[in-house]
Every structure is written in C-alpha cells, then in structure tokens.
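As written, the chains take the letters A, B, C and D, and residue 1 is the first residue of each chain.
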C-alpha cells in the first residue's frame, strides 16, 4: 500500500503529534506554515511512487511483504540499491531543494536491521524478529520514520555517566514487565514533527557501566511524554507568511529537539536494551549510509543552486561571464555525487543480507561534503551579486508608494520580470543563508568531519604503504 | 564639535528621513527595531571620540576647520592616516560586529575631494571649492554621510544609454538656474536610512553621450522626492523582537534602495555635472579606499566569530580539540588585516594632498576578502556543530512546557548556563547565516572580485617580468 | 600466451627500436639506465599475470582469441571491467611508483575499436575488421602498445592547415597502392621507447580541408623513418648512476618525441585515413578512458607518497604530530579513486560492445586530478621537512672524509639507519620534484583541465536546472 | 668599502673554504659549476650597490662605521628599513631567480645584535661589544655572512641531552683560556660554501642541563675542522654542464651540511656561551625577520615564474586563454608581498635600537608562504603544458640526427625560436621541479608552518575576543 501525498498528510494530521514551536503547542501542524512546508517536502517522497516516470526508481519489492515498497523503507539488498538510494536522494533534492528528513529513517532501518541480526545470532536475543514485525507494518502502512541519533550530550568531554545530569543521553530509567521507560532528549532530529514513527538509536562509546544508555526503540510521534520542539532556522518566520520572501515557496525542512519525559516503550518496540557492545556498531552502520547518501542530497541541492544562479546571471545579462563559475559549481556537485556512487558501487553484503557501502569511501564522501557546498555557496554569492543579502521585500513590491519604485528599479534584462528576479534572489538567499542553507546541511550531517577523519585513521594501513615505499627505495 | 551618540540619534530623529520598509513608511526610525539597531551601530562611531582610550585613534585635527574631527569625515593626509583607518574599521567591527556603513561615506569624501581638485585644475570648474564648503559643515556638525555608488543597472550587458529604461542609472533630468533635478536609484546603500547626508557618486564607463549620468552631489536624507527603502536581510524580523534570537543584541547593519524621484539638488551641493571623463576616476578612488579598509572590518568581524566560536567550544568541553581551527581563523583575519596595512603603508599622496593606498595592493586586499571570510565561516560552523543552524527559540526557553526541557537539555559544561550557550549560538548564526553574515559583506563590498581582477590585469607588467625571465634563461 | 617480464624485455631488445637520447642513438636500451628502468616498470605488468594473487585481477578471457589476455590489451566488456582497470592502475602504481605508459595503449585500443566499428557501419569501410586482426596478434603475442595522441601543434591558436609548417600535425603525405606514407611528430608519448607497437590516433578539430590529418594506424617501434627521442625528466641523469640517489631504485617512466619522417604504413595497419568527422570521436573515447583510469595511477602513487612520508615521520620521531597530515593525504588519494570508481560504475556499452565510463563523471575525475596531487605533494613536503630539497649525496655517504660525517649527522631516531633515511628522502624527492613528480603526471595526462571543463560545459543542462529552480521559487 | 662582484668572488677564492660535494673536496669553488652559479647569485648583491639605479635602495649609512654599507650587513633602524629589506629581497629574486642565502646572515646579525645587548644589560656580559667589533669588520670589509641555525636534530621527539649521540646539536666540548671548541653540525645552511663567515646561532628549548648547547659564534669558512658538504638539489648535475638545460643559466642556490669537528673559536668571536635562557629569544628574532623577508623572495621568484609562464603562453599562441591564470599568479605573489610589507610597517624598535617586524603579522606572512607558492607552481604547470616535465635535451637540439627534428617539431608560434621556447621551458622546470623549486624554498624556510602556528597560538588572546562576543550576545 503506497500512500499518496494527501493520505500521508492526512494520516499525520490525524495522529496529531506533540509538536511545539516558539514555546507553544502547534494545534494543527498541517495548517502551520513551517510544519506544512515540511509535510509538503516529505510528501514528494509519497508522490514519486505514483509517478510512472519514477516508480521503478523509487520503489522496490520487499522480501518482508512481497509488495512494492518505497525505497525509504527498504532494506538494501544490493550494490545497485545503494547507488539507487544516492540517485533518489539527488532526485528528491532536485525536486524539493530541502532535506526532508527521510534519509535518517532509512539509515536507522538498515542499521537496526543488521545489528539486531548480529545481536540475536551472538546473544540469542530476539530483537531482529521484533524489528522484522515492526518493519512489516512500516512497509505495509508506508510509514514515515524519522531517525534519531544525536543526544543532548552536555559536556562533550565527559562520557554519559560522568555528566552532572544523567539525562544528557537518552537512557532507560525503568524496566517493566511490558516495556521500558526512557528519559532524555535527541537533538536536531530531521523531520521528527512530520513522522509517524521515530526510530531511536543509542550513541556510541558506552561502557559496561552505561548499559542503560544502550537503548534502541521505535516510538509514535504522539506518544505520551514525548515532546517535539521544532528548532528555529535562519529566516524561519518568513515560512509562516504567504508570498515568496521565504525563497523556497513550496517545501521546507524541519529539525526538532525530541524530549523523552519518561516515555513508556512496549517491549515489541524495543530493539536494544543494555547490549552496550553493539551500540557503536549500530551507529557506525547509520553513519556509513548517511555519509554516502547525503552526497546525493547535496548534489541535488547543488543542481538547484546552479540553476538559480544561472537564471540570475541571465536576468542580469551576464550569462557568458558567469559560465566558468557555473562549471565550477557543476564540478563540485558531480564530484560529491561520483564519490558516493563509487562508495555504493564498492558496497558489500553484511551477514543479515543488508548491504552497506565501502567504509573508507563512504567516509571520504563525508569529507567532500564538509567543504564543497561552501565552494558552491561562494560561487553562487559571486554570481548573484550583493542583492542576495539585501533586497527590498515582497511587501515593498506590493506597497503603494514603494511598489512602483521596486518594480522599476529591480528590473533586470528586458525579458525578465522584476518579480521573477526577486523570486530567484529569495530562493538563492534561502539556500545560501536561510532556512535551506546547504552549508549547514553538509557540515554535521552524518557526524562531524572529525568523526569521518577518525575512521580514515582507523583504516589507515600505514604499514602496507610503508612496505611499498621501502621496496621502491631499495630498503631490504 | 564632536557629537555624542545621543546627539547623533536625536539629530537623525529630528530630520525624520524618508524611510520605508515592508511597503510602509517608518514613522520614527529610532523606535523601529531594525533601524534602531543600525543607529546604535553608527552611534559607536560617535561614542569612541569621547572615550579617552580611543580619542587619539579616532579623531584627527582637520585642516579645514582647525578642529579635531572624527576620522570618518577626515581627508587622509598621510600613510599613517590610511593605516589608522584600517585599524579603526577593525575596532568598530570588534565593538559592533556589523557594517555600520560609515566607510562608504569616507570613501566618497576622499574620492570627491581629490577628483574635484583635478577637475577644477584641468577644467577650471569650481567643484572643489564647493565641496570644501560642504565638508566644513560636515566636519563642524559631525555629520554621518552615507556613500552611494551602485546604480540599479538593469541589464548589465548594456551601457546606460542603451537600457530600455533610461533611469537605470542616476542622471540629471533637468538643469535649472539654481540647481539640477536627478532621477534614478542607488542600490544597497549602507547606512542610508541613518545618515544626515547621502553623498552620491556616478558609476563608471560613461561616454560623451552619457554626460547626464556623470553626476555627483550631496543630498539630505529628508529631501523631497527621495525614498529610502530598507532592504531585507536574512532573519531580519528577529531584530524587531526583544530578546536574543536576533543574535547581535545591540547593533545592526542596514542597506537600502535609495530612489531619486526627480529630486532637486541646489548647485552648491553638486560636485560633478557632465564631466563624464572624470566619473571613472572618482569610482576608482572610492573603491581603492574601500578595498583596503573593508579588510579591517572583516578582520574585526573575524575576531568576533573567533571569540564566539571559542566560547562555544568551551561550553561544549571541546576547547583543546578546536584550538587548531581557531588558529586557522586567526590566520585568515590577520592575513586580511596585514595585506590592508601593507596597502596603506605603501600609499601615496595625490595632487590634492589626499592620500590613497597602493593601487595594486589594495586590489589584492579585495581578492583576499572574497574568499577568506568563507573559510572563517566554515571553521565556525565546524567548531560550533549543527546547533547553529537549528536550535529551539528563546520563546521555547521561556515557554511553560518547553522551557524546562530546553533549559535542561541545551546545557553544556557545568559552568556555562543554557541561556549563555543559546546566546552565543544565536550570535554565530547571525554572523554566519543571518543579518550579519560576514561572507555577504565580503563578496561584493568594494565591487566584485572580477572588478579587482581587472585592475590587476591593467597593472600587470608582463613585459618586465618576461624580460627578467629571458635574462635568466639566457635569451639575448 | 602471456609473456613473462624476461620474455617481454628480451623481445624488445631484439626489436632494437630506434631510440635516441642526449642527441645519440641508444645502442641497447636494456643496458641504458633510463630505458632499463622504464622496461622494468612495464615489466611489472608482465609479472602480475603470473602471480597467483593477481592473475584473476589482471587477466580476462578475450572474445577475440578465446584465451586469457592481459587487461591492458583487452576490450572492456562491462562496467566491472572499467572498475577493474582503475584498480589495476592503482596496483601498478603501488608496485612501481611510476607511470609505465601502458594505459594510453589501452585507451587507444578501445577508442579505435569502437570508432572503427562506427565508421564501418556508417561508411562501409573495413577498418574494424583490420583492427580485429591487428588486435588478435597483439593479444596472442601479448604486445606492449604505446598510445600516441598529442601532436607537435606549433601555434596552438591556429588549426593544422594554417600552421606555417604543415607537419605540425601528423598527416598522410602519400597514398600508395600498398599503404600510406606519414609525416609529423607525436609529443610526450609515454613508454614509446619500450613498446612493440605504437598506436597512433589523430588529434581533434579537423575540417574537410584537413582530411590528411585524420589518420590512425599502428607502427612497430623499429620502423624505418621512425625516431623515438627520449625526453629529459627532472634529475634524470641519476637514473644512469648506480645507487639510490635516483630515488625510485627499481622503476622509471619514459616519454618521448616520436618523429615520423615519411614512414610507410601498410594498409592492414591503417585504421582511419581521411574520415575527418570521426577523428574527434576517437579522441573523445581515448580521453574518456584516460581521465578515469589515471585516477587509479595517482591514487597508487599517493599511497607510495603516504607510505614514504610516514616512514620519514617515524625516522624523525614525529609520527604522532604528522598523523593528521597523513589522513589528509589518504583523503585525496581515496577521493580520486572513488570518483573514478563512480565513473566506471556508471559506464555504458557503446554499439561495438566496448564499455566506456560515464562521460560527465570521467571528466569530473580529471578535474580532481589536476589539483589533488599538488595537495599531496605539499603535505609530503611539510611532513618530510627541508631535507627533501637538499641533502648530501650517496657519494658523500660513501666518501672517505664526508662519509663518517654524513653517517653521523643524518641519523634520525635510534632504530633507523642513516642510509634508510636517505633512501626514503630520495624517493620522496623523486615523487615530488624529480623524474616521478606526481604533479606532472596529473596536470596534463588525459588532456588539460581546460579540456575537461569544456566537456562539463557541453553537458551542462542549465535549462533543466533552471526549471527546477523556477518551480521552487514559484515562477509559473 | 663596498666590494664589487669580482672582488667578492676573488676574496672567496683566496679563502679557499673547506667545501665538499659528491664525496670529494672541491679544489676551486669558482671553477666548479654548482658553486660558481651560487657565487654569481650572491655576486648580484655586490653588484647592486654599484648600480646607480639601486644604490640608494641597497645601501644604508652605518652607525658603526659611519660609511655606507650593504643592507645585508646593516642593523635595521626603522620600520622603513624593514620594508626596504622586503623590497631588496624581491629585487634580488627578480634578478637571480634563486635564494642566494644572504638573508639568514642578515637575520643572524640582527638577532645576535639585539640578544647580546639584552644579555649584557641583564647579565653584565660583554658579548654585545664583541659583536659590535665583529660587525665593524663585516661592514668595513663588506663580508658575506651565512647564518646557521638548524641542527642535525636526530630524533625530533627528544631534547638535546636525551639524544643517543650528544652531538646532534652543536655544542661546546671544551672551554679554553683563549676560546672554545665546538662540535656538531648545522644542516641546510644556505650559501655557506660561498661565505666569508658563518654566524652560528643555537637552537631553542634548552634547559639548565643543556648550557653547552647555548652557543653562538662566528667562524670563517676555511677554519680548521670545519667541513662544508654541499647538498644535492633536484637536477643539480645539469649545473655543471654548459648550455641551457640547467634552466637558470646564470645563478644558483646552494645549501650545505656544515660540520664542526672540534673547531676552535677564539673568545672575541663567541657571542653566547652557556646563557641557555637567551637561546630561544635569539631564535625568535631570527625567524621573525626571516618569516617576513622570505615573502619578498617568493614574490620575486613568483614574478619570474609569471614572466616565464606568460612567455610560454605567447610562444604557444595562447596568451589570451592564459591571462586569468597569470592574474591569479600575480595575486599570490602580491599577497605574500603585501603581508610582509604590513608586518614590516607595523614593526617596532627593540631595546638595542634594532627594529623587528610585528610578531603576529610576520608569522602570518610565513603561513602565506607555505601554500601560495604551490598555487603558483600549479598555475605555471597548467599554463606551460606537459612539456615542462618532459622535453628533449639541448643535446638533442644539437644532435646530428635529432637536431633537425627537435628544431622543427618543438617550434611554437612563427615569431618564437625553438631554442628560446626550450630555454623558457627549462627555466620553468628549474623553478617548479628543479634546483630552484620555489615550493621547496617556501615550506621550511624560516621554520615549519607548525612553528609559525605555534606563535599564533601563543599570541591568541581568546579571552579578549570572547569578551567582545559576549558583549554583542548580551551576556552580562
């Protein structure tokens, strides 16, 4: 059952998740601008399977249900699946210009799938079976799952048990017969307010004394004790206004602080509970996927920024002069994309049958992401001119006194309208300095660059490389 | 007479300039958040001369009035003056974190001073004498002058007379016995809404058929027919709210579209009118100063971003890990600064007695500016973590339900308060992605990088360099 | 029949190619240091198929002969083949640290294969059949083919027929009953002096008036009228000395100016003769392969430089301090590699059945290559210290007076010997500033960066990207 | 008495310094190609004072002698002096294209001057008086002083006294009535073989247990027990050949390992002996000057590379296409220069009256140097094409068979000769990959980038920057 966009939005409306913003509960998130735009963005992932041009690309037959499911809820079963996910990520960003937050859910699904398989095999637990059942429902009902990884963390120099407040990492505060009670918060959770379910993974680096922190589970967004506090983004208030000053007039992203105030989780939704040795492994799998797939997102956003920049160059009569810079933008977008495709193409099957990209190359992908989008941003700023950071508002364009002035003086080449020029400027503002800032997306998505460098360090076989060098230098 | 900040703000309030925003006239710009913050920023330049620690640095005895005047209204009379201006620019940004818009006025003052001197000498006009009188009043009354250079431009591929709308560049539409009437618009004028006077310079590249476009003059901000339409900046609405979500809680910058709807300018305020051969020269002098002095601003803003980033690293318990990145930030700030000091130190006196920096090095300074602030931004993003692009609002911190959660979970190390951490995050957001985005300031301030490259091309003595190379290669 | 290294070298010795260096004919290229090192490098490609660890990787069953052939003479028949070639290129450079010159031959083989197929289909020629016969012999006798593309070119601003000397591009000067006579020169031909055959492709951009320049053929390296003038490389004289000052003590690369002084080519070795419309296409296929596969070479060389740098850090007692820089080196090597793998993995079959990488991504690969190896070089210089550019010679180490001093004072940590330290320094010198300079390899291999940018420009679908941007901005 | 070049060279010939290369004593360094080219390079510094165009620039009246002396032996007495030294450094490299090794002597002179002054004042020693006397003779006889700082060092992780061989740092092995005996070696000493005197400074970081390592002195280059072992450079053998393959046909640089095998130093030449607390200070002053002045050298070399690259572009008919890259080269050269001028211009007088550049900015200058020359190199490689790394030799151009081919096929545009094109290619090869490699000069000259970063770290007033940030964020 592949939901339509309308069905998805209606189903979320009915759930009425516990969403707050600006200190207040949002009554109907389908009516509030900021959340509505995020719903619309996610909605595109529900539209595509019904579009004959993309159906084959964005759906896959599931071994669990035997039905076609959305790739966002699919367990990767080949290197081709991984490549396709990069392509779907790019397509989604080409269509929406935003992070919809569907990727982390997919990351979690595959990370939990494989890690529960390992745990069950080694520890004789039955988490994997539970998760299969959970995933069956997700696929059958075509649910939007947010993925939650990052804890509040407090003092980053101290581990969980050394924090002055033990709740800085999500943990189990009570084990009951029918389930567990969890407390803590997950920060910056993409799409949380618009999801049916939140999949929660533990962080990493827990010791035997921190078993309570090694907890993975699924929770519906309207659970008791759960609060989803939507974060501010740059220029976010514009999203609640009609008109084009918001830049991206159709879609938005949304991140939230997700607070667990003693939330009860029944056992059939618990996928790790105390197996601290597996927490790091689960995280590794999550980020492995994310460091690859995010490159698709940024390549897609790069495409939009390239398109918008070139439109503006046209409107300014500067198409030829800016061509070299547009080619640079393409280089960066495609370099991110190619590396991710390379990582996917060298992927391997893990014991559970789920596929993951090459560890080294996926981390190299992340190391592209943390700087290339800044280059794209800089190029866009250079092409666009100063107007992106300061331009009269749409209200000025509509104003009785100011309107004719703005209409007259913000006009570009004869065949462009002032309004269109202003719309494209706002879109670029959105993606370089606003709610859709691509450089924000790229820096810490999938973890910090330092985290990716650490993986390179772990994989760095200096001994082997030294041996080759010695051989050529004629040493023994 | 050196005004105090209060006197400056009161004098602007009394003038009641014709300022619009969001399509409406602003009644009292001292009460409207966005303009108030800009007034406060400029106000710092009125505070400093009264501060014994800075008095010597920010004032200079004027040959015109025999009195001490603010350096912002002073004609540079030595290489030391140029260096001092770079230092004052840095100081102002260290204090305010924003572009106050005082520099372009100073650029104009010096550019008009020297060019009118040249014109009078060659053409037997009396513009220079007029400008001396004008400047006497500016210095005596300690006026804030905005500098206006950039025209609306329309189709950038066509010159002024070929535009479908002849008003795309400011021009004289009528010459009267007692003055001229001008029409057109100047775009992105820093500080225009908070100035006493706007100094208007023509653009460049005008031919004998475009004499009407070669026009320079001064106009008070409450002149009839003049409209100052304040531009939007990223996240600007927050400035009208109380509280800290605006990031920079004390100061703001402000740019405007300045529209001349048949504004009458009496002759004693006209400093060029038809001498098209001198328009380019006047622009060259303006940008020469700006490409140097702007480096001081960005070094000062870099200092703030460095300070804020290091505070956040402290709050996160990551001071040591982030030290290398902080050093990189310092490198970029100081490299911009050192280059500008070098350009100033190699400055020379022009015939009028005004000093200008070395042409080549001032343009090299500009070419630092267009990329180094992006590196600083990227480093700040990396140090700060994802929180800079998504964090609950101050209202969430104050909310009944959300407040305790935000207070608890956004806490960093034990000795930092949640509110302080949030304040610093907002400041960084402001300077990397908000109204104070340093990368916006740097890209097109003083003209595009392409314009600076063009100067390098003009100054490029390939023949000489080729001769040296031939000599070493043993070619005759 | 897969030749051994010894058989390969002996077969070349017997051919006695027409090789010159320093103005004189080299009697026996197996005895002359510079050519001997190049033969040894190529020899590794003959060793590997006999090494059980690599046999599967470096051989492939040929459809032409039904036998296993070296991948360097194989027609790519799948995306996996392309990926494998990138891996073999990396392996070869990990083993040899040099460009052996085998890749251009493989590029030519595949480019001529596919283009002759197209020509025969459209023009009813029989070039493809001729080339099949030629390739059968190449595979059966396991021949080393050099690939020759770059003409002398003279004035690059003028096309072939406008050159003051018509021979600046290789062309047909006479057509005979049994073959053609060609004149001109091909420049910087990798491995030419050590090949059995040189495959010659025409350049690009020929018009109907330049049919004589559209000529492709194969010629043995001992043909009458053919002169192979070996080029100098940095520090090349050391290669003729015994000892370790040459840096890479085992292998070398070699490029040559190949002069055709009215060389006769029988018809069965002619694969294009006048079909000027196909010249550009043949070039495009050549460079497509080269821009992909060269990334493998540079990743492999990057591995050696990383290994050598880390050894030197160990010898200096600075392993820990240099770790971050080593990780940066790995990032660059792997980023080049991943992009090429991405390009290969997205490859497609052309009508002849030969496979080629994705055009856009292969050119993106090239754009990595022109700068990343410079970063690796810079990092190596930083790690190694000043000693790489100035160190006493091996003769100083052996000298009666100087020997004890050098032995004593060039010693590093207690567990390294002075000689080993000196050997590694020389290897790094070789790869950063000497005959094996990786930055030389990367800049113009597969054409200039400008040529790759041109392809991006041709593939740049701005219209599509603009459409996406318009949609998000809400423009009709 | 300002020596002429001829007098300088003759005076060195007469001294007959103890110079070795390739394991053997060089009989007459004025006849041996490698040393001769170095003497010629230094000779330019003796020519300039006799050239009326430069006399004023390169000489200064000395307070010691009352005569005009070469700036290379002058104590800086103003900020203008520092700026002038940067300009002279640039001039020398524009004329010679090499590091002549005069700067380190000047660094030592000023560092020892000021530090001995401090020592005498605090410790009541009489080193400064001794040094004054020494300097009088240096100025009167116009001597070339090499400056020697870098020790052999062995295991960099261990301090001097922990080395397995105590001689890894130069130290006093015996104190006699009439002087001291020193042992050890100084590495990579620029110009040592061509100097009259070597000024030796201690390294840094010595404790009370390492007093014997805190030793500064002057020694003539023909002292008993002193051996100067000339280091190899890339392609150095070409320097001993006639003809143009050496690239720079006129000048060369030269570094040496300087070994002290129990060399006796009379007391009047000893300027520190045991005052370990002052060793670091002396080093700091040395590197401060060097990190500033080296920028002049690299700007000058950048000028040559720019000239040579543009000549080659002309010869190839590609002048217009390469213009943008030439502008980039100019940007880098001038950015290095401007920063150094900035550092000089902000210099201050130290107690002895000697002037030193601003500490922070001089170290920022160094941080430009370690990467900008690599960018220049990359641009040169891109402009020049592959020919720089592989071109037939001059002997091929002169060869009976090969000569006509090379003459014909290496010709560029009609108005360039083949020989001239080849000469410029060789010059570029020399400066990008040969003995004159600018990137080698820049990386470790004046210490490693890491050392300069350490200074930034020490000067980093985070507290102050944090205070400014807090103020803007509204924190107390």
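Note that in this section a contact is a pair of C-beta atoms (placed from the backbone, for glycine too) under 8 Å apart; a residue touches a chain by one contact, two chains touch by 3 or more.
Computed from a prediction, not measured in an experiment: that's the story for all the values here.
Enquirer: Measuring centre to centre with C-alpha atoms, which chain is farthest from chain A?
Expert: D
Enquirer: Roughly how many whole angstrom separate the Cα centroids of chain B and chain D?
Expert: Taking the mean C-alpha position of each chain, the two centres sit 41 Å apart.
Enquirer: How many angstrom lie between the CA centroids of chain C and chain D, rounded to a whole number?
Expert: 38
Enquirer: Could you state the distance in Å from the CA-based centre of chain A to that of chain D?
Expert: Roughly 52 Å, centre to centre.
Enquirer: Going by the touch rule set out above, which residues of chain B reach two or more other chains?
Expert: none
Enquirer: For this entry, which pairs of chains touch?
Expert: The set of touching chain pairs is A-B, A-C, B-D, C-D.
Enquirer: Would you tell me which residues of chain B are touching chain A in their complex?
Expert: The touching residues are 20-25, 150, 152-158, 164-165, 167-168, 184-185, 187-188, 227, 229-238, 245, 255, 257, 259, 261, 316-318, 321, 370-371, 374, 377-378, 381-382, 385-393, 395-403, 405-406, 408-414, 429, 433-434, 437, 439-441, 443-445, 448-450.
Enquirer: Across the complex, what residues on chain D touch chain B?
Expert: 83, 94-97, 244, 247-251, 303-304, 306-308, 310-311, 314, 323-324, 326-327, 330-331, 334-335, 337-346, 360-361, 364-365, 367-368, 420, 423-424, 426-427, 453, 456-457, 460, 462, 464-475
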